[in-house]
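Okay, so chain A shows up in both of these, paired with chain B first and chain C after.
Now for the complex of A and B:
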C-alpha cells in the first residue's frame, strides 16, 4: 500500500477530477443528477486518495518532500513531472480536498442561473485538478502550468454564472492574473539561465542560487517578477481591485472556491518559491511587502466600512485578511510564516463560509443590500447564528480559527528576521493591530445590520425566506466544526508546518 | 532520354547531376499526383468533380509516406543534391510533414465550402497542390535560386486562389492586393539577392555566408541583407509589410485564408531561417537590431489593431500578424545560441499551425449557419453547439498562450531563447530581456481579444435567439479533430519541442 501511494498517490489525487471531467463531457447533458453524482463521487474519491496520503504522511519528517514522483516530461525545456508533499503544502492540500466536495454538495440544488449543471461541475472539477496540482508541483514549469489552469474555469464560472456585471468582472480577473503570471514566467526563465542549471526543480534552484554569485540587484529584479505574479493573485494592495469585482459577481460556489483556495495560490507561491529560492532578495523586498500588507489591512478594513453590499464587504475583508498573511510572510521568521500558513487555511474556511451564507441570503432575499436586510435572526435564526459565529471567527476571536492566523502574524512583526528594521516592523505591528479593531467594527456592523433587529417590511411576510435547509447544513457544518477544531487545536497545522518553515527561515536568523 | 544521348555525342556534354530519388520522392509524388488530378479532371469533367477534393487530400497523404520513410532512415540524413543546393535534413522533413498535413486539413476545410459556393473547384485543388509543392521545395532549398523559385511557386497559385470568389468584389480586391504586394516584395527580394550574389559570386547560401564573414558593413552588404529580409518580411506579414494580410484574408475564400495564414507563412519563415542562420550568420550585428525592431513592431501593432476588429477573419489576420512577431523574436537574439533560437521558431510554427487551422475550421463551420464573419455572430454558441464552443475555446486559449493547451509551450520557448545567455556573459542581453517583457505584455493584450470571442460564445445570447444546431460535415469534423488533438497534445507532451530540435543540415 505504501509503495503504491509513493508511486501513484499524488498522481491519482490530482488527476481523478480531471478524468471525471472528461467522462462527464461524454455524457449527455440531461438529467443533471448524473453529473452531480459523478462530480461528487470524483471529488470524494479525490478526498479519499488525499486522506490516504495524509494518513501515511510521516509527520516526524514533515520538512522532507514525501510521496515524491519525478518523471521526465517535456525534456527539451528540462521540465519534469516532479511532485511531492511536505509540511507546507499539506495543510493547503487538505483545505482543497475539504472544500471542493462540500461546494459540489452545495451545488446539488443551487446551480446558479442559467443552469447547465454539466458544464458548471466540469469546470469545478478542472479547477480542482488545477489547485491540487499547484500545491504538489515541485517543478517550476509544472507549477506554472497548474497555476494557469485554474484561470480558465474560474473565468467561465464568473462569466457564465455570475451576477449582472459578470462580463467586466470576468475579464478583469483574467487579465490581472495573466499580466502577473506573464512576468512571473519571465522571472522563472531568467532564474533558469542565471543558475546555469538544467533543472526547474525548486529545491535544486534554491541550492544553486545560494552557491552561485548572482548579483543581488538581479535577484531583486527576479523577485520582482515573481512578486507581480503571486502578489496579484493574493491580491496585495494596489493590485487588489480585481478581487471585489470577481468575488461579488461570481456565483456562490465560485466565490467560495476563489476565497478558500485560489487566493492561497499566491501566498503559497511566495512561501514555496520566491522566499526559499531568493532569500537575499526577499530581505530587500520584505519591508515593501510588509508596507503593502499593512496598507492592505487598513485599506481593506476601511473599504469594508464603505460597502453597502454584503458580498462586496466580505470581498474587501479578504483583502484585509490576506494582508495579515502577507505581513506574516514579510517578517521572514518561522513564526510569522507558520502564522501565514495557518492564516491561509483559516481564511479559507471562514471566508468560504461567509460567502456560502451570503449566497444563501441572496437566494432568499434576492438582494445583498445591507440596508434592505435585517432581522435574519428572527426570520432564519439558525442561519443568523451561523453568520454570527462566522463573523466572530473572522474578526479573530480567540478559540476560533481566525485568531491563530492573525495574532501570531502581528506578534511576529515585533521581531522580524533577516536583519530587517525592528522599528519599522513594530510600526507595522501597531498598524496591523489597529486593523483588528477595524475588523471588529465592520464585521459587527455587518452582523448588526443583517441579523439583528426586525425584518424590514418588504421581507417581513415573504414565504421564500426560510431557515437553512438540510443540504445547506450538510455542506456548512463541516466548515463550522473545522473552525472550532483549529481554534482549539492550532497545533494541527502549526506542528506540520513548523519543521519545513524553520528549516527555510534559518537563513534569516540573525546570529 | 534521347536528348541526353544526343548531347553526349557533342562537345557540350552535359553530365546529369546525381539525383537521390528517395530524397526527392515527396516532391515527385506530389507532382505526379497533381498531374493525375488534372488528368482526372480533364477526362471525366463534371463526373469527377465530387472526388477531386478527396483525391487531392490523398495526394498529400501519399506524399507524406516518403517523408516518413526518409525520417525512418535517419542515418542517411542529411541527404544532399546538386552540390548542396538542395538538402533534405531532419528539419526539412519536419517542415514537409507540417506542410503536407496542413494542406490536407485545408483540403478538408475547403471541400464543402467551394461546393456550396458553386465555384470551380478542380482547378482550385490543382493550384493548391502546386503551392504545396513550392513549400516542399522551400524546406530543402539551400540556394537563392531554388528559394526564389519556391517562393514564387508558393505565391502565384495563391494569388489566383485568393480571387477565387470571382463574383465577390472583396475577393477580387484580395487577389489583386495580394498579387501586387507579393510581386513588389519579390522584386525587392530579388534585388537584394542579386546584390548578395554579386558579393559572394555564388548563389549558394553557405557560400554567401562565407563571403559575408570577411566583409565589413559596406552599404552594399547592408542593402543586400536588408532587402532580402524585407522580401521575406512581406511573406510572413511582418509590420510594416503586413498591410495586404487583413484585406486578403477577409476577401479570400476562408479555407485559403487558413492556408495562407499557416502554410504560406511557415514557408516564409523557413526561408528566413535558412537565409539568416546560414547566410547571415556572421552579420548578426546588422540582422539582430533589424529583427528586433521588426518583431517588436509586428507583435505590438498587430495586437493593437486586432483589439479593434469586429470581423473574426480580420481579427485572426491581425492576430496572425502578432503571432508572427512572437516568432520573429528569437531571431533578434540568434547569435547567442542559434540552435535555441531556431528550435524556438520551429516549435512555434508547429504549434501555431495546429491552433490556427483549428480556429479557422471553427470559423468556417460557424459561418455555415450564421453566414456571417462578425464576431458577434458567435453569440450563444455554447447553448446550441457546446462541442464546437469547447474546441474553439481550446484554440483561443492556445493562441493566447495559456496552459495546458499548446500555445504556452510555444511562448515558453520564445522566452527561453530571449533570456538565454552563454558562457561568456553573466546576464541576458538587455535587448533580449526587453523583448521578453514586450512579449509578456503583448500576451496580455492579445488575451483580451481572444477572450472577447470566447465571451461571445459562452456568455452572450444567440443572435435572434436562433438556437438551431449546426450540422458539421464529416470532412470538417475530421479537420477539427486533428487540430484539437494536436493542439492539446502539444501542450502537455514533449512532441513538438522534440521535433523542433531536429537537425538542420547546413549544406556544404
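Now for the complex of A and C:
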C-alpha cells in the first residue's frame, strides 16, 4: 500500500477530478443528477486518496518531501513532472480536499443562473485539479502550469454564472492575474538561466542560488517578478482591486472556492518559492511587504466599513485577513510563517463559510444590500446563528480558528528575523493590532444590521425566506466543526508546519 | 557542384542525379494537381461531390506519409539545389498536413458559394502553391528559393481572387498581387546583390565566402552584401507578414475566401518563415550581428502591432489577421535566436499552423447556414444547380457583435473555437503555451532579455484579443436557439483534428518536440 501511494498517490489525487471532468463531457447534459453524482463521487474519491496520503504521511519528518514522484515530462524545456508533499503544502491540500466536495454538495440544488449543471461542475472539477496540482508541484514550470490552469474555470464561472457586472469582473480578474503570472514566469526563467540549472526543481534552484554569485540587485529584481505574480493573487494592497469585483459578481460556489483556496495560491507561492529560493532578496523586500500588508489590513477594514453590500464587505475583509497572512510571512520568522500557514487555512474555512451564508441570503432575499436586510435570527434562526458564529470566528475570537491566524502573526512582528528593523516591525505590529479592533467593528456591525432586529417590512411576510435547508446544513456543519476544532487544537497545523518552516527560516535567524 | 564555368563547356556538363525517392513528397504534391486536371477533364464524372476534396487531401496526406518515411535522411539533392534534413521534413510535414486540412475546409465552401463548377481549379491551385512552399522550405540555392516563392505566391494570388462574385476578394487579390510582386522584385534584387558580392547563389558557398574571404575589395563587397541581405530581409518580412511590412495582411485575410485565408495564415506563412530562417542562418550566419538587430525590430513591431492594433478591430477575420502578425513576432524571436531557436521555430510553426487552420475553419463553418431560396430576381443571387439561391453569408463581414450568443447557436463549434483561441493566447495545457514558452526560452538563452520581456507583455495584451472573442461567444448571452448549420463532415473532421492536436500536445508535447529536436544544423 505504501509503495503504491509513494508511486501513484499524488498523481491519482490530482488527476481524479480531471478524469471525471472528461468523463462528464462525454455524458449528455440532462439529467443534471448524473453530473452531480459523478462530480461529488469524484471529489469524494479525490478526498479519499488525499486522506490515504495524509494518514500515511510521516509526521515526524514533515520537512521532507514525501510521496515524491519525479518523471521526465517535457525534455525540450527541461520541465519535469516533479511532485511531493511536505508539512507546508499538507494543510493546504487538506483544505482543498475538504472544501471542494462540500461546494459540490452545496451545488446540488444551488446551480446558479443560467443553469447548466454539467458545465458548472466540470469547471469546478478542473479547478480542483489545478489547485491540488499547484500545491504538490515541485517543478517551477509544473507549478506555473497548474497556477494558470485555475484561471480559466474561474473566469468562466464568474463570467457565465455571475451577477450583473460579471463581464467586467471576469475580465478584470483574468487580466490582473495573467499580468502577474507573466512577470512571475520571467522570474522563473531568469532563475533557471542565471543559475545554469538543469531542471526547474525548486529545491535545486534554491541550492544553486545560495552557491552561485548572482548579484543581490538581480535577486531583488527576480523576487520582484514573483512578488507581482503572487502578490496580485493574494491580493496585496494596491493590487487588490480585482478581488471585490470578482467576489461580488461570482456565484456563491465561485466565491467560496476563490476565498477558501485560490487566494492561498499566492501566499503559498511566497512561502514555497519566493522565500526559500531567494532568502537574501526576501530580507530586502520584507519591510515593503510588511508595509503593504498592514496597509492592506487597515485599508481592507476601512473599506469594509464603507460597504453597503454584504458580499463586497466580506470581500474587503479578505483583503484585511490576507494582510495578516502576509505580515506573518514578512517577519521571516518560523513563528510568523507558521502563523501565516494557519491563517491561510483559517481564512479559507471562515471566509468560505461567510460566502456560503451570503449566497444563501441572496437566494432568499434576492439582495445583499445590508440596509434592506435585518432580522435574520427571527426569520431564519439557524442561518442567523451560523452567521453570528462565523463572524465571531472571523474577528479572531480565542477558541475559534481565526484567532490562531491573526494573533501569532501580530506577535511575530514583535521580533522579526533576518536582521529586519525591530522598531519598524513593532510599528507594524501596533497597526495590525488596531486592525483587529476595526475588524470587530465591521463584523459586529454587519451582524447587527443583518441578523438582529426585526425583519424589514419588505421581507417580513415573504414565504421565500426559509431557514437553512438540510442540504445547506450538511454542507456547512463540517466547516463549523473544523473552525472549532482548529480553534481548540491549533497544533493540528502548527505541528505539521513547524519542522519545514523552521528549517526554511534558519537562514534568517540572527546569530 | 555546377559552376558557371562548367556550363560554358557543354562536354563537361554532367546531368545531376535526381534522387527520386527523397524528392517524392515534393513530386507527389506537384504532380497530383496535374493528374487531377487531366483526369477530371477526361472523366467528367470525377467532379462529383467530395471526390476532388478526398483526392487532394489524400494526395497531401500521402505526401506527408512519404515525408515521414524519410525521417532520418540528411543530404543534399539535385546537385545541391535542395536539401532534405529534419528542418525540411518538418516543414514539408506542416505544409502537406495543412493542405489536407485546407482541402477539407474548402470541400463544402466551394459548393455553398456556388463554385462547384470550379472545384477542380481550387484544389489544383492549392496543391501547386503548396508544392512551391515545399521548394521554399528545402531550397539551398537562392534561385531555387525564388522559384519556389513565386510558385507559392502566384498560385495564392489566384486563389485569393477566385471568389469571382465578391468585390472584396477581388480587391484583396489585386492588393496582394501588386504588393507581392513588388516584394518579389525587392527580394530578387537582394539575390542579385548577394550574388554580386559573393559570386554564388548557393547558401553554403555564400556562407563560406563570408566577411573575411570576400574579394579584393572587402568594403565594396561587404556593403553590397549588407544591402542584399537587407533587401532579402524586407522581401521575407513581407511574405511572412511581419510589421512594418504587414499592412496587406488584414485586408487580404479579410477579403480572401476563408479557407484560403487559413491556408495563407498557415502553410504559406510557415513556408516563408522557414525559408527565411534557412537563408538567414545558413547563408548569412556570419553576418548575424548585422541582421539580428533588424529581425529584433521586426519582431517587436510585429508583437506590438499584432496585439495593440488587433484590439481596435471589430471584424473577426481582421482580428485573427492581427493575431497572426503577433504570432509572427514570436516566430521572428525564434529566428533571432539562431541555433538556439531552431527547435522553438519549428515547434511554434507547427503548433501555430494547425491552431490557425482550425480557427479560420470554425469561423467559416459558423457562417455556413442552410441556403435560402431566393424569392425575387436580384443581383445577389447565385445559381446552384437548378435553384436560385440568395447570396450566401460568409465570414468576411462577421464582427464581434455577430458572435454574441454563438455558444447557444453553435455549441460545438464555439467550444472548439474557444480551445483554439486559448491555445493562441498561450494558456497552459494547450500547445500554444509550450510554443510561446519555447520561443521565450530561446530569446532568454541568447540573452535577449528585452525581447523576451516584450514577448511576454505582448502575449498578455494579445490574450485580451482572444478573450474578447470568447467573451462574445459565451458571456454576451442572447436567446439564440441552436442554428441549423450546413457544413460538411469533412470540415468538421479537419477542425476537430486541429483541436485534438492542440489539447493533446498541450498536455503531452513530447511527440512534437521529439519531431523537431536535432533539426538545427
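By definition in this document, the second predicted complex is superposed on the first by the 511 of 511 C-alpha atoms of A that agree within 3 Å, B and C clash if a C-alpha of one lies under 4 Å from a C-alpha of the other, contacts with A are read in each partner's own complex, and residues count from 1 in each chain.
The rule we apply is simple: a residue touches a chain if its C-beta (ideal position, glycine included) is under 8 Å from a C-beta of that chain, and two chains touch if they have at least 3 such contacts.
These numbers come from a predicted model, not from an experiment.
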One more residue to check, A:463. First (chain B), second (chain C), both or neither? neither
So, does A:28 touch the first partner chain B, the second partner chain C, both, or neither? neither
More chain A residues touched by chain B or by chain C? B
Is A:76 touching anything from chain B or chain C once the two structures are fitted on A? First, second, both or neither. both
Considering only the touch criterion stated at the top, classify A:218 as touching first (chain B), second (chain C), both, or neither. first
Quick one: is A:149 in contact with chain B, with chain C, with both, or with neither? Answer first, second, both or neither. both
The shared contact residues of chain A with chain B and chain C are 73-77, 141, 144-146, 148-149, 151-152, 156, 159-160, 166-167, 170-171, 174-175, 178-179, 182-183, 185-186, 189-190, 193
In the complex formed with chain C, which residues of chain A make contact? 73-77, 114, 141, 144-146, 148-149, 151-152, 156, 159-160, 166-167, 170-171, 174-175, 178-179, 182-183, 185-186, 189-190, 193
For the complex, give me every residue of chain B touching chain A. 343, 382, 386, 390, 397, 402-404, 408-409, 412-413, 415-416, 419-421, 426-428, 433, 436-437, 440-441, 443-444, 447-448, 451-452, 455, 458-459, 492-494, 497-498, 500-501
So, in the complex, the side of chain C touching chain A is made of residues 343, 347, 422, 427-429, 433-434, 437-438, 440-441, 444-445, 449, 452-453, 456-457, 459-460, 463-464, 467, 471, 474-477, 509-510, 513, 517
State the interface residues of chain A toward chain B in the complex, per the touch definition above. 25, 29, 72-77, 119, 141, 144-146, 148-149, 151-152, 155-156, 159-160, 166-167, 170-171, 174-175, 178-179, 182-183, 185-186, 189-190, 192-194, 215, 218
